[in-house]
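As structure tokens, here come the structures.
Both complexes shown next keep subunit A, but they swap its partner, so subunit B is in the first and subunit C is in the second.
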Partner chain A sequence: MIKILLRYTNLLVLTLLVVVIFSFALAYLFPGEPYTNLTGVIDEQAAAAHQNLSVTSAFWQYLGNIFAGDWGLSLMTGQSLADEIAITLPATLELSLYALAFALLVGLPIGFWAGLKPHKGIDYSVLGASAVMHSFPVFWLAMLLVLIFSLQFGWLPMSGRLNLLMDVPNVSGFIFVDIFLADNIDRSQAAWDAVKHLALPTFCVSIITMATIIRAVRRSTLEVMHKPFIIAAQSRGLSNAQIFFKHGFRNALLPILPILAMQVTTIITNVMIVESIFSWPGIGNWLLQAIYQQDYPAIRAGMLAVAGAVIVVTILIELFNRIIDPSREKFEDVTF
Partner chain B sequence: MALLDIKNLTLEIDTEAGWIKALDKANLMVKENEIQALVGESGSGKSLIVRAISGGLPQQMRITADRLTWRGKNLLAMNGEERREIMRRDIAVVFQDPIGTLDPTVSLGEQLEESVPYEFVGSGWFWQKRAVRRKIAIQLLHKVGIKDHVATMRAYPHQITTDIGQKFMIAMALVSQPALLIADDPTRGMEATTKTQILKLFKRLNQTKGLSILFVGHDLLAISSMADSMTVLYCGQTVESGPIQKLQKRPLHPYTKALMESAPSFRVDLAPKSPLVTLPGTIPTLQHLPIGCRLGPRCERAQKTCVQAPEIRKIHDHQYSCHFPLHSKAK
Partner chain C sequence: MINGLRFFAFVVVSATISACSPVSNSDIKVNGLVFCSESNPSSFNPQLDTSGTTADASAHQIYDRLLDFDTESGNIVPGLADSWLVSGDGLVYTFQLKRRVAFHTTPYFTPTRTFNADDVLFSINRWRQVEHPYHKVSGGFYPYFQSLDLADNIVAVKRINGYRVEIHLAQPDSSFLANLATDFAVVLSAEYGQQLIEQGTPSAIDNRPIGTGPYKFVEYRPNHFIRFERHDDYWRGKVNQAQLVFDITPRSALRLAKLITGECDISVFPAQSELDVIRDNRDLELLEKPGLNVGFWAFNTQKPPFDNPDVRRALAMAIDKNTLLDTVYFDSARRATSLLPPSSWAHQSNADDINYNPVQARRLLQASGIEPGFEMTLWAMPVQRAYNPNAMKMARLMQSYLKDVGVEATIVSYDWTTFRNNLQQGLHDSVLIGWSADNVDPDNFYRPLLTCSAIPTGTNRAMWCNPAYDELIEQALLVNDTERRKQIYAQANRMLYEQMPLMPIAHAFRFQAQRNNVNNLTINTYGGVRLGGVVKQYD
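Here is the complex of A and B:
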């Protein structure tokens, strides 16, 4: 167990280090002074001093600053980038989390259902629906939903995280936590408002992931239910429900987790697209603005933050998968 | 009365070439307290018979039978609930591949404890029940010859060896104290000492507990040492069945004779280094089955009539289906 944890920590640290090196290299590849790109400060003397430094010692300094929480200043606003990311990244992660949860909540039962009744009407219609879902371009779907639900019917708000009249102070960056922590507001009304704002973007982002999950779950359920141990369980006189929940469910879920780990990147990418359509104050929207303004320090820091978040989440899912799958021990000496 | 009585069991498989009869009017009868052996080459449909008895056939297979009864009750006419109840308490199956038939994500101890029927556990708090389950499981493991029960119970299927797995599967089959144990090639790939242990265990269970055993396999030596009667299967057709001494001493079907002769241990008069007697040709594939008696093309006694499937003929409890049996005068 400790060995596994050490191994995954090692993987995490090394991968993050590579990302940091890449973000450091970006400062040299972007136009302008590397010093300015790294710090967001325009200071000719300091830039000259920086140029005299060797690249390695500059990198060590950069690494130290990153750990100290000094990610530089934005050229655009002059604010600390670490603070801006601390506000925008949680909004993105929140949306990704809900989208993933929604996709799982709907995708898993439908996938199991289709997998348990293969090659029948239900199965084919689920497969067909998931193919359609999978081929929606996310930005088009978002605009379509806005057109229908916000402009046509006026049921759901079309932008932002919360009605501006709600005065919820930003503490953690996660909207429901903040609503819970806020004083002097009608919490249930604020929460309901937040749900309404979340509905459309969450749905848009989750739809593609949901299709992938449905297909993967169906496939693996179909495979597992034909394994010899299921036949053996049948011969022991277990009912179909017992067989599925005791033996089928868990085994069918094991191949899903790695797919989920890969879906995290898809979700975050889609969230960043959807953010700019719904004016969601997340990191995707923020990064897009930075790119328009050629705010190089912000681009560097934003990329570092997003890549770091993706890596951490992916490795955590992998670790979880590794812990719950006992048969992986067989390959202990060979691979992760 | 017969425990398990199968008459004219036909199992068809849906393939691209249409429905293929993988089992063609197979007959099998297991009486109370007897060890019945079911022998045949690989691919002769032995395991399919086991699947047909245990139920849960995939969609692309369908079975028809004149009789498929358990203690006089028709298994085919039952609903799922009744069928499951019989499988849960009365019939236990040990499948071929022990590691594959165990759930890879659950430890062996949990799987064994799970299959202890609730009638044996009694009432009490859940920890008391768990203790009873555990006790029963450990006793069973000792009974089938697994000494290190702590390590085995804690292990996952991929961590154990095949022979421990096979013993474990037998323990799992015995846990419900069944009336019939169907053992599908239980000694395959085992070393000689383990094999002897398992066979002795079967024999002992049969003698002390009155357990009937349907022993499926092709290890003729093991079968002749323990079985009471034998059914020979060729390409999905039962060719001959009867008490094992009779079949050994005076086989009536040419295939049975060939099968016996292919096992050198049965031949007393076999000279050293003499070639083994084998049937010409190979076992036909399912797509190219001969009509009538499926042994036809490989049989040296075959004649024109053999394109029609022979009827079952009986001499006391010795049954065979052949137009031109051995030891009979030419007509």
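Here is the complex of A and C:
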């Protein structure tokens, strides 16, 4: 167990280090002074002093600053990038989390259902629907939904995460937590408003992941239900429901986790697209602004934050998967 | 854990309860006004910037001026000054100030006194005196005042008593009162200035502003929103909305969409192509007014070959202005022949106008040594303005016109702040931009746009300096007879026609869209939007 933890920690640290090196290199690849790109400060003397440093010592300095929480300043707004990221990143993670939860909530039951009734009408329609879902361009779907639900019917708002007139102080960055902590507003009204703001973006982001989950769950259910131990259970006279919940469910679920780990990247990418359509105040939207305004320190820091978040989440899911899946133990003992 | 459970239960319950009845957006009865603006303000002090975005966000929301313009007639009306007196020789202006005008009380500042003469002195001296402790704060550029050379003409600003101020001028200036009524002549709090100096954070005066206006500043998040709160002791009376939020939405289509869904109450600069959509929607209302503005194409006259008037005239001849009016302004603009719009009293209806003549243009270019295939940059501003609702589209059209005469134009655009910074450094060959007047006086067009002293302040986009022209503009201010002044401006028009430092394109109407339940809002022809008196009705 400790061995596993150590190995994953090692992996995490090394990957993050590579990302930090890459972000450090960006400062030299971007136009302008590397010093300015790293700190967001325009100061010719400091830039000259920085130029005299060797690249390695400049890197150690940078690494120290990153750990100290000093990510530099934005060239456009002059504000601390760490602060700006602390505001925007949670909004992105929140949307990703809800989208993932929604995809699982809908995708798992439908996948099992289709897998238990293979090659029947239900199965084919689910498969067909998931193929359609999988091929939707996210930005197009988002605009279509805005057109229908916001502009045509006026049921759902189309921008932001909360009505701007509701002044919810930013404490955790997660909107429901912040609403719960706020004391100057009608909380249930604000929570409902937040749900309405979440509905369309969550749906748009979740749809591709949902399709992937449906197909994966269907396939693994199908496989598991043909395994000898299921046939043995059937011959013992257990009911179908008993067989599925006692023997099939957990085994069918196992292959899903690695897929989830891969879906994290897909989801975060989609969130960043959807954010700019729904004016969601997340890091994707923020990064897009930074790119448009050629705010190099912000692009560097934003890339670092997003890549870091993706790596941490992916490795955590991998680790979790590794811990709950004992079948990998034998194989790895041999290779380790 | 209990907390977590409670929280979870609360989310689920509130979601299910509300889900039973369909709720529309308007049901959120939060008392406030959402104003969809187009860009980020550069600060919250209009003294520092001539951009309309900064003026919208601060001039009439946070601050007051000594004088104001009547939004309808353009007449000068009392603001923080109750009354004023001009001496016979036109050199001494005496202002009697209002009493019991409260400054904002915010978490970062609690005023101990009301507005008085010290605040007027503090505000004027900040841009007037280089030795003033705040002059250098936030850059030390006061583009509007510097482009008018106003500081040089003021000899002294004297405090007669707590509520009486005298301003002494070196020369008579027939536009002086009008300048004090512009968005830029805001009154800051001297006491707040003092407090910030003691705290060692003087630049906060422009980012966490204190004024006497109808709304006080709460929070600003760039690219996202600006939040204001009602100023409870506002001297003009009760402000209707508890809150005012600027929703910063650069894309015009998105602003329209938010207006339709009710996420915005007011939206600025609707695109010309969206006007009919707004007119047809029964929840929306379109305000429209002839604007005091001019959109133009300025050449960087300090860069060869644009320092040659013949080249500038040839390029201007290559463009068919009427097509630009049709396709970019959709006929909601008048063709511009000089700087002044027809609504100005000094407008010259028979001014010379350069005509579309590509053959002549090519000949002139050749004669000036410009070979076919000559490359130049055409800068197009990234934001919509009344005077140019779609500079990008206009640039593309002009690109093809220029190609016809053998000139290869590259279109350049940055975000608004970078764009203006680079312009000020003179990095452009030519630029599509314009000017909205800050007061009704014709001097407000001729001086900031083209005089020598307007080059460093960044309002003279042509970087054009011509002493003879400056002389004319000075002369015009010294006479009080309007007919004589008109003649002088006609002379200036003739000179501009010959020199063509910029090609005037259009005087556009101004549009603003709002939801039907917003009342008491008019388009302010003379500067930034005024939201203090707006009433929003809830049904």
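Keep this in mind: the second predicted complex is superposed on the first by the 332 of 336 C-alpha atoms of A that agree within 3 Å, B and C clash if a C-alpha of one lies under 4 Å from a C-alpha of the other, contacts with A are read in each partner's own complex, and residues count from 1 in each chain.
The rule is simple: a contact is a pair of C-beta atoms (placed from the backbone, for glycine too) under 8 Å apart; a residue touches a chain by one contact, two chains touch by 3 or more.
Not measured: the values here are computed from a predicted model.
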| item | value |
| --- | --- |
| Subunit C versus subunit B on the shared subunit A, clash or fit after superposition | fit |
| First, second, both or neither for A:254, with subunit B first and subunit C second | first |
| Residues of subunit A touched, compared between subunit B and subunit C (which is higher) | C |
| Subunit B versus subunit C as contact partner of A:325, first or second or both or neither | first |
| Touching partner for A:235 - first (subunit B), second (subunit C), both, neither | first |
| Contacts of A:155 with subunit B and subunit C, given as first, second, both or neither | second |
| Angle at subunit A between subunit B and subunit C, C-alpha centres, nearest 10 degrees | 160 |
| Touching partner for A:31 - first (subunit B), second (subunit C), both, neither | neither |
| Contacts of A:195 with subunit B and subunit C, given as first, second, both or neither | second |
| Where subunit B and subunit C come nearest after superposition, their Cα distance in Å | 27 |
| Subunit A residues contacted in one complex by subunit B, in the other by subunit C | none |
| Subunit A to subunit B touching residues, read off their complex | 119, 226-229, 231-239, 246-247, 250-251, 254, 324-327, 329-330 |
| Of all residues in subunit C, those that touch subunit A in their complex | 7, 10-11, 13-15, 17-18, 22-25, 28, 30-32, 34, 218, 221-225, 227, 243, 245, 247, 249, 254, 257-258, 260-263, 414-415, 417-418 |
| Touch list for subunit A against partner subunit C, complex | 76-77, 79, 87, 146, 150-151, 154-155, 157-160, 163-167, 176-177, 180, 187-189, 191-193, 195-196, 279, 281, 285-286, 289, 292-294 |
| Subunit B residues within the subunit A interface of the complex | 51, 54-56, 58-59, 80, 84-89, 91-93, 95, 97, 100-107, 114-115, 156-159, 172, 176 |
